[in-house]
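Chain naming follows the written order as A, B and C, and within any one chain the residues start at number 1.
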């Protein structure tokens, strides 16, 4: 993997060591089509660029939230950060180590790295093996890593369950005997079992009810504070992100279009897409404010528009937008990829 | 839950029963459905009876049908005990060699069940492993294994059996009994494993993308261990049902093969052989030589099939 | 037409199990006036989808309506035979479900599906039905509707499919539309468009809407009145602004405090202690009392009925009254 031309990731605003970095991360999927079709159509091999040239840095104890609609690549990016997917370009670094290279290398180093990073998945029903008791599920990372002896598992599991607000007596039960919110807590208990420094949360509350969501988000905030966890929080829900994030990155069709501290993003959104997203969030408590109409839908990732991928939906698009893809540029602590912002039209 | 989803409310189940495993099973819905279904109960009872009869054949059977020394040709062609000319020592009559039908039946049942169960066990072992590997590995491995299974599917078991039998006899001209048994089991296995492979491959393809598998990968579990400990338990459900039904089919296929003359030798007849032998005497009016083995065959196959059907229906709402 | 369009009175839905009947809906009553949009909001398991299913006659066995009445334009529809109910469905009540992919038949073009629906319920010949189909698609905001008629569902994006589903629901000019989580499976930007479409188009057709969702934001943007459900009962019902800003029931208040918003103070999200009760373990008296900060002995014994509190109706012995402490 080559170092990309992306600028060095910006240091976080507050002091603190950078724990997690992405440098020019790229992931393309080649589409395999039947031989006959390829011969007949004569166009070259097709590929979907799920993630393109994404760079960011997260300092210890801070949370970066990535938002975007379906197909923007945020889940693929999250998986690359923990080694579940292999980048086709760029690097993901955790505590200074290149994730992919370390995991592919000597077993000891790989194992040590796995201990330091974990993930909480979106679907509480699919993220726990339905045939395993939850005691075994939570103990699995510890036993796989060889951190404890099987005899010690009971005690550790009980402690972990307690830290997420579940009763120790539940260890013998199966996942289907718990509600969605409780299963997410079990997922979280499993994720913090090995004492990771970096936690990726992929839409952890999207399928939960509102009151349960509040419980789980509060739990995550508490755990982060207690354990100085560095978090990457993936979500499509901007309102949730506001409660959780220190910094926010907005993704569209695989690229970062805006990266800003929370206050800036919500207070003074720069990129037209960010504005559109914010305008589209149904407003549970405000008046029925009349907002700029939201336009169109996300383009087909197989055939992204030329120039700026957002231009078909953008009320501020001009000729340059249709032809030239904007780069992420820094403007007052906020990084935005937009010609209109750069040209001062916005 | 939307209007379309099954309307059983999300938490409609009562709190789960406590206690040791057997107690939990006793209180479970599955057991409850079982005792409420007359088909399941009767089928299970018959199947159980057959199995016990077969297992205890050497002790239950009044005579030993394979003991050639004790056969008395004078006792041949005797009708069942309740008919005229019948004798109490031969409750179901005798065949043309003086073999007691009841004993022959029990021993035959034993052989049929053994062949059926072992071929299914072997098919499941091969099929599940292949399916797991194909589904998990994907790519070339998957394609190769699936093409192999396509090839296997195009051969009917009878042809395979003939082929293996012929080859076997040439290679091992002296090993009669073991060869016959081996040929049968091999023939049945070779054609049936494909079904399990396909089912398991499909399920594996689904399970492998689920988050709990990703979570295990994240922790560093090696692929084989992952397959064995996480994926396998979750794909076995449909296999169980298929296997139950397959036992019935295997027994019938074995009977066909034995009927055709490939398979167990006439000295240790299976149900199929008995039927074949009896067929010759059917028109002579000595119906008992064919009818009793045939009835036994039908009973055991039917009961196992019904059990399998019931099992599939009972397990269905739990298989998501 | 005088009187409400839809009246639901003391609706009860039971699920018989071998442990006894589970009461999933316990005495649900509400009205929908002509041209009104009523939201039914609640968390999973509260019974909101079941309410919709029971009204439209799509309860899956073993669930069954075990009590109460449903009246559409003054006539009872809960005791109709299946054929009669089938005619009501579509012609007088339209339905929009959550997942547009499964709501549309993948094997037929949408033109075929629209025309078929139109001709089933209205006396139209093929040409007129086609014209009407194009008109419906245009109203639903689909560009180039004539061309779209010949396309299959998989050729549409999620948002466009949902528009087609809305067009289908409106095809036979129903008086009432039941929409169950119509925007949950869509991206947030598309969600906003669909919400606006739903509101606009139903107003244009003069139809009432029963909007079932767990998303308070969608309710706030779309509905005139809202009913909050908990454990198979309605705990509060009233005009949407009142319920959201001045909730009388502690559950509603807790729910509103737990919803993350874009404006407002950034404090820790309020949480409601505990979890929704299992159907076989619904607490006696007021179902919410184990989680309620204001619970009293009366709450554990007597089940409160909906009663007017300021401007909403709430089922609570100690409702939150503005201007009063507690």
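Descriptive notes on the structure:
Quick note on the criterion: a contact is a pair of C-beta atoms (placed from the backbone, for glycine too) under 8 Å apart; a residue touches a chain by one contact, two chains touch by 3 or more.
Owing to the predicted nature of the structure, the values given are computational and were not obtained by experimental measurement.
With centres computed as the average of Cα coordinates, no chain lies farther from chain C than B.
Of all chain pairs, the one linked by the largest number of contacting C-beta pairs is A-C.
Separation between the centroids of chain A and chain C, computed from CA atoms only, is 32 Å. Once the centre of each chain is set as its mean CA position, chain B and chain C turn out to be 51 Å apart.
The geometric centre of chain A is 50 Å away from that of chain B, both derived from CA atoms.
The set of chain B residues that touch two or more partner chains comprises 10-11. Counting only residues that touch two or more partner chains, chain A has 179. The set of chain C residues that touch two or more partner chains comprises 44, 276.
Those residues of chain A that touch chain C in the complex are listed here as 69-70, 179-182, 209-215, 217-218, 221, 236-240, 242-243, 266, 276-286, 288, 293-294, 297-298. Taken together, the chain B residues at the contact with chain A in this complex read 10-11, 16, 210-212, 214-221, 230, 233-234. Listing the residues of chain A that touch chain B in their complex gives 79, 82-84, 110-111, 114, 118-119, 121-123, 126-132, 140-141, 144-145, 173, 177, 179, 187, 190, 194.
Interface residues of chain C facing chain A in the complex, by the touch rule stated above, are 43-44, 157-160, 187-193, 195-196, 214-221, 244-245, 254-256, 258-264, 266, 268-272, 275-276.
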